[in-house]
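Quick one: structure below, then a few questions.
Each chain gets a letter, A, B, C and D, in the order it is written, and its residues are counted from 1.
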């Protein structure tokens, strides 16, 4: 931690700050410049919690030198993680494709989707049983009934299954059925839920919040891992910007950024990032090329009949073509 | 609802869309322009849920003419609402000031804050017992113990008390102690929590999400009211933008915008919006001048010792001065 | 300037950096922490231009301690500036109101506007002769003919006149007619134009760019002042965010932020910030309350006939009412 | 154009609007719904300029159905454009790589860069002679001297050359030397400059403004083409968002979006988009995979000595490796 004093800070002000730091058992490195004095702090900064040095007299600002996330930080775990889920793993050298409908609508819709995505090469079936919807008057999901169909689909196809949970109650039910839990963008900072998912030990896909910085996202992952659950996979799904031509703006740079900051795998969801079916194919190719560890894609037997997110869903045929088109990109990227 | 066809849409495509609409029992108004054909839909649009007209052949885009929120919509409830909370009301003609520490730290800190803000003219005591913190290693709140101090503070001072809840569990505990629940920015779209708060019937302060549009915010309020709880007060607390000179960007225009779209009262929280103590006073004046129904302000007996948000907290003396300075602005705005 | 080394930086890497700095005649303060080493640089940092220390081996990041703008920086000029323009001054203790049509359309429109805004208390007439328009097919302005009407309006009413310039050519013409030049949001980083305005010595209103940070804005002002022109007034006119309920988002916090960072006066333009006439009155009050040095407001004899920005323009009557309503707020803020 | 009336609009208000439209020689289609009345306008909407229907009594909002850009619009020119520049073309089936230093610093730096990027396969040399810099105290460019080096580099290597122009004066000089002009992000809405570039007829690379929507960008291109210059290539270079882990956020979805809206080619600049050298390679691969028509990449003989943008520049060796790595991606994308 570095404390930058104001140009006109008195020597008493500097002394007060250094005394405060030393009183907590930390060391101080003073650097007096022509314009400003800088106070470097050496030692365990958690001892300064609640000291609020930034409002001491004469202090201009504080610069944090070290990240607040530790266990998900690549600095302390340089090897990229391989996350075991169900009958497979997610991480380096693999390209995991999770596909299926936005919402589970009924038995046949889900089962036919499962057979179709399995046939085209997906290894996970996605499907929403608890739907976070902007309006209370939109379809809210089949809940446990949907999870039962998911389980049946797994037994029928051998696909691993993943389902979003939006509350503790949903989580407690879902853990009985799924291979992997999903924390959606709107719940990325639902810290109670993160802690419980951390305690459950079940693999979790953590989507980036709509307006979350990469640091906030990694801190959210830290909530899960610090409760004892290291089986975390990140998912970039677009951030909110001023541009309205797409539903969100896919932050594709987040993949190489995460690669330098964390050892966790990262997937890309081009369906939610754009909200437009025609953009899913080019963005899927870009995601593989940029080095993502996988994709999450919405597929529906009849997009024009879907109860949720139809406009961004692929048909079975479109998904099959996409998977074939992605194959040479996967080969180039050294993934299978 | 208006459906705009692509310039090259065939007459078969237009017919297919109009047939679909009519098959749901709705009326169609066709408007053929030189470049494009427009299809107007008349009747109850909820019948079109799951029809996904936007991906029918030849459809360019859909324009929604009516808002998805109804009960909080000023169009259907032109009179501004007056919300009864504890021993007072929030709404037109009043200026409610909620003040207190960001986090409840101990008995004395809270009680001394309560006496101080009461003396200066606040009518609500705020204080966090469940703290949503970016890092899992930051102070997380005293939970029920904190709520007990809040209750004691109410009995001692007559202040109404408000406390943020971050989960169902927290809510179930808090309802036993507080006059008003607060849904924080990070939980604005925690729909499970919104529904339960709606069922509880307890007055609720709904803060705007960090990257929520005004329409999403009003839809979140609709979740609460549609469960039977009309006692909702909104609170603008800054949105996330590219500017980093302040923690967030206070969207002061949101106050007149909400005034035209909804009948719900709206407060301003200048402390969280800026993260800087020195900006609280000018922004509080601006909030009163722009027509807000109240303010939420962080006050701490010793900001430099605060466990959370010290840099944006006012001292008792600063708060007292602020309240005196605000008085003539309240008079001008016709509020007391 | 502070250089933060990576946790695993070798001692050779640290030595290489310190040698580089010392070779430029600057001093180094080393601070070795448990996790990272920090290198403080003391002396004139401009000597490090082109050294690109951030890509030396082992360097994690650079933190700049001092701002790159100097002459507009409050640290080196603590007194707030008073800017003389035409027959008046802009700055502390005053509230300057600039009013008039978005675009000059014809002689009568401008002259009638001038008489009306003068009568209601404005001291500047605004009016666009060179209009930057998103589409090439929109009205582009009357150019020099418009400036002649402006000059006539000044002679008739005694109002000071201000006009936006969008190119060197426009500037060379405008300086013959106006009291103050305006650099619009789209040209805030048109550095050639800034330099020429700096050389001209004519007072200038510098609007904030649509996506400019406050630091970039002050650096743009530094371009003007470093060419010898200290007569700069800033104008906040809304920034681009994800929110679409208003045309832009008025960053009202920018006023107190500028107050702490610079000695230059700052106005607010609520008309462009919102794009909605009904919001001009509440935001004008907020701007006065927050401490702005003035307002720029669009007024038109017939908003429904305006060639540009009609929906955000006030009628003469609305403007007159606004000026009356603002009076007590000006009194409270100690301005006249 | 569609006019949506307020729910409570009187029949007089509707009549007034329809009369106004008909008085301009346009046709009206009325659609009366349960909640609102919608007025469709058929015919040439430019006749309504200055009518400001949005502020007529009873009008809620206006929805534009057709884009304001016409000549760059794919709807009216469905075939993708092939732009001839110097000794080559830019467009479908090709992948144009423009490479070179951010700023031209001296003769040797530029010439050695030219030889190196030519050898690795680039067909354009980029290099800044007029540098838009945030601070007036940063290096501003060699101006015409730099252009002479560019010309010499072209003669020596056969590379086409491209250079940014920041003013009319710079443009008038540059046209004597370069094959292609570049309009930078900060000047995307410098309409005077756009018009002059349009008149010049010289091929132009139009970078996206830092906070420009795709529609504003295409309108900027429309300024150029409407003056008679169809030789326009777009360049996505990152937009401003709240995320600070990269300098800007590369909006990779913009490539498929532009593909559906315009016939113009589009390049990607991963160097400016991220500001970090290590991210250039993965983002270049992503750009080719997503379907871009080319790349603009910063290369410098000694990035650690560069006067501008060193941290994002590749060395000759890194660029050579990148070009080899991109080859299979180009093959996959059907480009050479």
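We take it that a contact is a pair of C-beta atoms (placed from the backbone, for glycine too) under 8 Å apart; a residue touches a chain by one contact, two chains touch by 3 or more.
Nothing here was measured: the structure is a model prediction, and the numbers come from that model.
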If you take the mean of the Cα atoms for each chain, which one ends up farthest from subunit D?
B
The larger set of C-beta contacts, choosing between B-D and B-C, lies at B-C
Measuring from the mean C-alpha position of subunit B to the mean C-alpha position of subunit D, what distance in angstrom results?
38
Chain centre separation in whole Å, for subunit B relative to subunit A (CA means):
26
Round to the nearest whole Å and give the separation of the Cα centres of subunit B and subunit C.
31
Touching two or more other chains - residues of subunit B
211, 240-242, 244
Which residues of subunit A touch subunit D in the complex?
211, 213-215, 239, 241-246, 249-257, 260-261, 273-274, 278-279, 282-283, 285-291, 328-329, 332
Within the complex, which stretch of subunit B touches subunit D?
2, 4, 7-8, 29-36, 38, 40-44, 63, 65-66, 75, 240-242, 244
Under the touch definition given earlier, write down the residues of subunit B that touch subunit A in their complex.
46, 49-52, 54-56, 68-69, 132-139, 166-170, 186-187, 189-193, 195, 210-211, 216, 219, 222-223, 226, 240, 277, 303-307, 310-311
